[in-house]
Amino acid sequence: MTLSDIMKEQRKRQKINEKSPTEVAAYWTGEDLLDGMPTKSHTIIFQTRGCYWGLRGGCTMCGYIADAAARPPTPEDLLAQFESVSRRIDHGIVKIFTSGSFFDPGEVPEPVRDKILSELNLYADKVIVETRPEFVTDKIVSAAKMHVDRLEIATGLETSNDNIRLNSINKGFLFKDFVRAAEVAKAHGLTTKAYLMMKPPFLTEKDALEDMVQSVMDASKYAETISINLCNVQRGTLVDELFYRKAYRPPWLWSIVEVLKRVHGKTGSVITSDPLAAGQNRGPHNCGKCDYEFADALRKYSLTQDISVLNQLNCDCKSLWQKTLELEDWTFGSPLVY
Amino acid sequence: MTLSDIMKEQRKRQKINEKSPTEVAAYWTGEDLLDGMPTKSHTIIFQTRGCYWGLRGGCTMCGYIADAAARPPTPEDLLAQFESVSRRIDHGIVKIFTSGSFFDPGEVPEPVRDKILSELNLYADKVIVETRPEFVTDKIVSAAKMHVDRLEIATGLETSNDNIRLNSINKGFLFKDFVRAAEVAKAHGLTTKAYLMMKPPFLTEKDALEDMVQSVMDASKYAETISINLCNVQRGTLVDELFYRKAYRPPWLWSIVEVLKRVHGKTGSVITSDPLAAGQNRGPHNCGKCDYEFADALRKYSLTQDISVLNQLNCDCKSLWQKTLELEDWTFGSPLVY
Amino acid sequence: MTRFFEVTARDGPARIGKLLVRGGLETPYLLSPATGEDLVVNGGNKWLHSPVTGTVEQFTVQPYVGLTPKVNEDLVRLYQPADIASDTPSATLAHPDKVVSGADMYVISGVRSIEGDSRALLHSFIQIRNNSKPDTALYVPALATPENVSLLIYLSADIVDDVLTTIKAYQGLYLTQDGEYPVKDLAELPCTCDACTKMTGGQKSDPELLAAHNRAKLREEISRVKIHIRNGMLREYVEKQCRSKPWLTALLRLADAEYTYLESRTPTYRSSELLACSAESQNRVEVRRFADRLRQRFSSDGKILIIIPCSARKPYSTSQSHMAIINALGKYRRYVREIILTSPMGVVPRELELVYPAAHYDVAVTGVWDLEERHWVSGCLRDFIDNNRFERVIAHVEGPYVEVCAQADREMIFTSTGKVSSDESLRALVDQVKLVVDELAPQPRNFEQYLLDMFRKMADYEFGKGRGDLLVPQKGIVKGKFPRMTLFDGREQLCTINPAYGSLTLTLEGARRMKLTDQYFVEITDFMPRGSILAPGVVNADPQIRPGDDVFIIGKKAIGVGRAKMSGREMVEASRGMAVELKHVEPVK
Amino acid sequence: MTRFFEVTARDGPARIGKLLVRGGLETPYLLSPATGEDLVVNGGNKWLHSPVTGTVEQFTVQPYVGLTPKVNEDLVRLYQPADIASDTPSATLAHPDKVVSGADMYVISGVRSIEGDSRALLHSFIQIRNNSKPDTALYVPALATPENVSLLIYLSADIVDDVLTTIKAYQGLYLTQDGEYPVKDLAELPCTCDACTKMTGGQKSDPELLAAHNRAKLREEISRVKIHIRNGMLREYVEKQCRSKPWLTALLRLADAEYTYLESRTPTYRSSELLACSAESQNRVEVRRFADRLRQRFSSDGKILIIIPCSARKPYSTSQSHMAIINALGKYRRYVREIILTSPMGVVPRELELVYPAAHYDVAVTGVWDLEERHWVSGCLRDFIDNNRFERVIAHVEGPYVEVCAQADREMIFTSTGKVSSDESLRALVDQVKLVVDELAPQPRNFEQYLLDMFRKMADYEFGKGRGDLLVPQKGIVKGKFPRMTLFDGREQLCTINPAYGSLTLTLEGARRMKLTDQYFVEITDFMPRGSILAPGVVNADPQIRPGDDVFIIGKKAIGVGRAKMSGREMVEASRGMAVELKHVEPVK
């Protein structure tokens, strides 16, 4: 049995969110950095037929497959989804997600994609689309580039370590695939955004931290923007199952702070991290007392790239986190502190 | 309720030894000191009607009342008793006991007493008779003196402390009563032997030890011989009841050794101690390992008055005994070590 | 009147107190005669020693005749010490058959002799405690070891000493919390005290070092026991510690049979957990008292009863399994009454699920109930059914609960087909409830009424049957989020549920409405209390008051409410110590 | 084949052993990763770390993917480590679902995650032990605390560490043998270790000091546990220690349900006391096994059975109460068979009163028997009566024994009118026995025959039904003073009773006569043993052999008898350690 097989079994227990095929899976606004300035951002998540990789099992921490539509939406449905939110977009950054790859024609047919991109180009200052690297081909990129002025291609690289990406995350592609995609994008004048995953399963806090530092350094050679996702426990995933079995603990906020401190100023990339679900058991957390303060600081850093906001952080739990880094290896497979 | 009343209750549970009224309660031979020389000794215990004091309750450690005859023996019976053993006496010391007082005419009628004494005078080098001091009167002593050349009057003084003698032992007479008896004896040219009781009930080991040292010093002013009985637990006594309740422990052999060392050479009296039942739970004992060695040494000392035999004694349990002396007060009423 | 000792904290018969000499010495106190400590002056045998002049910094025991607990009663009477009348701290010998009056401290005479005799030892404690003032200190001499001292303190020893530990050292015995070993048999010493460090260094046979180790272990154990008393968990500890030796086990079991002795000293409500880790847990006062009160103070007005298994999570209704049942019942829930079946608590009506210790216990779960558990719980269930007037009983239970219900031997309908929260079981339950509701058409009780009922039942449980009706108005209003809720009559606040303690906290008006003048009252002398009421200020108090109870304070100058810190008897008899922690007080007009 | 670990002593599943590196390190061993100890080399995550070169003084765990015991089995298969073939000491991760072969040490991966999950933890131990060689070391990482480590070792942990104790220190938790406390809540520290001395001195919040204390407590507890293993009394200790937390109690109770796991590792005979201080004592292997063997291996030829209550003193027949009964019966005793009724042992036939643990137990006596005790003992009695062919059963019992007899629900005559040793009761007993003897006229058995029967029944008990008849000649001669007796056939010595161990000690001739070639045999390789037989010398052994059994040694060069030091399975599977302590050996002609 492969990890994909195991994931497929796992997925069977996952509940699918049921929504009208003409509604987006989610839409929200926030703030992101654009050319060094905090700028309004719009996030759209389309309901598509779902990530082709996810349907084959997919990634161990990824619960977005739950956002896939129950029946594959028609092109009209997809456009209706877009229209349901497009009027709310006036300017700023637009980030387009599906539960898989926006550039996968199986999820978003070419005409629909073109229509969305060209329409967005009317209002948006910058469009970011997420896709797996295999869809970053000359053909697709050049087609997309035709419809939008400032386009960035975001890819879930997760880590620069192929072992981890394949065996822990089950991502199914190699670092060189990402590099190739970034090069294609660059060749077409597009920028690349790399999503990294802090603390995929089966790793100690320390290993996760070191992996992330290395990954940022590796990815920054190809990605203008690096966004570090802090693994949170999404329902129905393998990580969820592990979490239920007390075999997984989301990362410490201390760890991401440490990563950012260590890579800050050492790359040419903008490095951000949105501490989703911070302070919850299922999200990144420290001791419960300092979590919100840390989450705020991380958001602030992401918008300002000002490392001093992280340098000020402190809490009694720091020594516990440090001891955990030092000793967690000795559990031989489980978290040491929850 | 007085202590005598309590003793009377106690006595009800005591078993009486049943014997023919023409047999003595006991007869044995041993060795005793006579004029500084070890000499054969004969001990006769007559069955009489019993100690008058014992029949009223009596002493808390005394089990000899069990040796009293079931029915009061006739004068003929008493003489028959005497005859049953008298042929075995050729020379040496003869010690006459009843379960009470040989001089108590209620126990031994005057004619019987006279007959016994005058007959003994034929063979014995010395006769010792035991009696409570109230029977040591001019009349009785002068009568007795007429029948025997060398007579010693032995009295169970037990202790020179009136409190202890009355309240712990329930002896019913005072030190001055003993002094008076000794003076009467002396006036008639008789010697006095004092029996002392090492560790009557309700006393700690330390108190018992100190009391014995003091008692030897006090008694030696009046008694040519002092015999220290080491309290042993006799069936049916209050001491027996206390022993059963773990409220009494017979003296340590270390304690009598200590007493002898402390009084040795400080008196003009011969001081002896026969460690009856030594090494048993119901008799004087140390730790179980050294008991027989200690008993031997005590017998040797009694016969030789040679203190060096005691000075050589040693055992690992010495420090435990010393600690017991030091701390037993803190049980507030029970032995500390059994 | 005790002037030199004060009790400051209690956990059952065990206490933490203070000897009021030398600036105050905390009890349980380890006296050290072995190192020559002179806090207690030992007068010694009175036939050999003269009376002692007392001093103000020492407890003096005048010369005595020491007896042991099991000797003839006549001897005890013959040698009993005189009553005490001393200006300086005084101690005297106490015997189970005779306790003289007036001492600050009682010394159990000769108790060393009954080491190992569980029955006699227990008897000694109970007799002496019952015949002396509650605020006198009890000294148990020459008996404590690290192994037994927790039970001695549990039974109410205030002072112990290092006499036996020292003697055992001189016998070559190495003491631990779990028993004693000949030191020569130990390959390594399982301790890090100074003495052991030295002994490991080669001085193994020195009895003074061994004595120092033994003393250190005793001191540690006393220190641990104090922690357990402060945490209100000494019972859990002695349930563990008594396993060291059969006689200690027997001592705990026999003590449990002395229910009155333990019950009168055991708090009614508290914030500590109750861990049921042994067969003996079922005999705890807290468990028995809950069942007693359920029989005596609780009654239900429902027609339909549903029996539900307990959940690990407390209060039960916040657990997944209970939420599933509650959700399934939906609107039908208003027609039924619920009880939870549980070991060792027996039966817990839903209305009392917040009460101590129903919301505070945790128990070893193996899926197997032993015969004692089954007997006890099924007996509780039978009593509950017999004491109320349900027309139909539905047992929605699984596993061993099924047998327990059957063992109760009362008519009931079983609805669960496996796991109680399986869809199938829940459907069967709801179907059955529907059926019965249609047939019996009971009065519905909506959620607001349920909450008022909860207050009513809790008040009945705490203050006696009928008090709930006095406390809770027909149109009472409940505010707050479960379980932290407050009861109002209009704008007048009457009481609050204190989930940490598992009890109601009364306002003065609440106490007044319940007419707590004949029960749970504390009558005080003529003063205006502030903060707390001390024992000497108490004239009279309901003897059923236990530490933890809310009480009504009645005085000439003031009335008030507060939480009892000692039992009613203790309030009346003690001459020192905090009797009531005041919560509300107002002057009498 | 294990070359770097050896088991040297056992007490149930618990062992004392030696890690054969660095001159030999005794287990249970406390590994200290927290202080950087490098005895075990932790290869880390294999996605990030490269294989390590093993050294001869360290146990190397090659890089791995760590999982937890409760994850999906497919994941376990996906990430399982390779079988080990290493020249240097090797350790590898073990998962309850998959244990690879060849390691010297197994590490339960991710076991930290099932702290508190009694069922999963027990399952992990049993699965891993049952699927690995008995002489491999088991390392239970990051789980031990002073509170739980005795149970971990009881279940067979050989190595634990200071990881969790250290982490708890950094969480501000102060650990003790009895649980953990936030250090900030402690008014005084109940410990005298170096760290505590410093903390009391003011450095209270330093987590490194706290870690040092926690580690010291863990080390002490391990040291204590070793004492208990050596004394053969770990069971008593865990019956106590499990009361700390409900999950530990549940762990012991669930373990008792895994009878085979425990039984196959528990000695049959030994010289230690057996203390029954808790309800769980009744479920001990020793108690259950005795009852099993009584059913399977014992039968009586008597017609009249007398049931007698147990006595505190052992062997029973030396007690005052038994002597009173025996004396009263006088010559009638030869017509009856006697059994002793007792908790927790159930039924002990007089002939087996010297057998372990019938002569070795002590129990808390309160005069009250709980329902489990009654159920168990009356069941044992019923089985005994049903398995034998008595024509009349006389119950000469008092107090709770009467009810227990009645609960057995078999026809019997009660003769005691109060205390069994009262004159009246004894008279009634004798009268009844006379009556029955007159009626049934059973074969008398004189004292010599009784003694031979005792040897017969003990041999049956130890070696299986029928072996007693093979061992004991009709005209056997018994010499010696009870209970130290020896059986002869003419001048040929056959066996001796060893009262300390509660078993027979066979001579070679005794073993030969019992034909121990199919049972209780140990087949050895081609050598002449001296003193002891080591496991590698064993070719085959009866799997029913337990430590303590007398066994018959069969080899090409020699035959002999000796006492088993390990179980039959262990003898066959282990590659190190003493299998049999030899007693008599002779060359094969």
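All chains are identified by letter, namely A, B, C and D, in their written order; residue positions are counted from 1 within each chain.
The rule is simple: a residue touches a chain if its C-beta (ideal position, glycine included) is under 8 Å from a C-beta of that chain, and two chains touch if they have at least 3 such contacts.
All values reported here derive from a predicted model rather than from experimental measurement.
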Q: Please check whether dropping chain C from consideration leaves the other chains as one piece, and if not, give the groups.
A: A, D | B
Q | Cα-centroid distance, chain B relative to chain D, in whole angstrom | A | 56
**Q.** Distance between chain centroids, defined by C-alpha means - chain C, chain D (Å)
**A.** 37
Q.
Quick check of your reading of the touch definition: is the inter-chain graph here a line, ring, star, complete or other?
A. line
Q) Which of the residues in chain A come into contact with chain D in the complex? A) 1-3, 5-6, 9-10, 161, 163-164, 167-168, 202-204, 207, 210-211, 241-242, 245-247, 319-320, 323-324, 327, 329-337
Q | In the complex with chain C, residue positions of chain D that touch it | A | 118, 176-178, 181, 186-194, 216, 219-221, 223-224, 226-227, 230, 236-237, 239-250, 253-254, 257, 275-279, 362-366, 368, 370-372, 375
Q) Can you list the chain C residues touching chain B in their complex? A) 33-34, 42, 44-48, 61, 64-68, 70-72, 74-75, 77-79, 93, 107-114, 141-142, 161, 163-164, 166-167, 170-171, 207
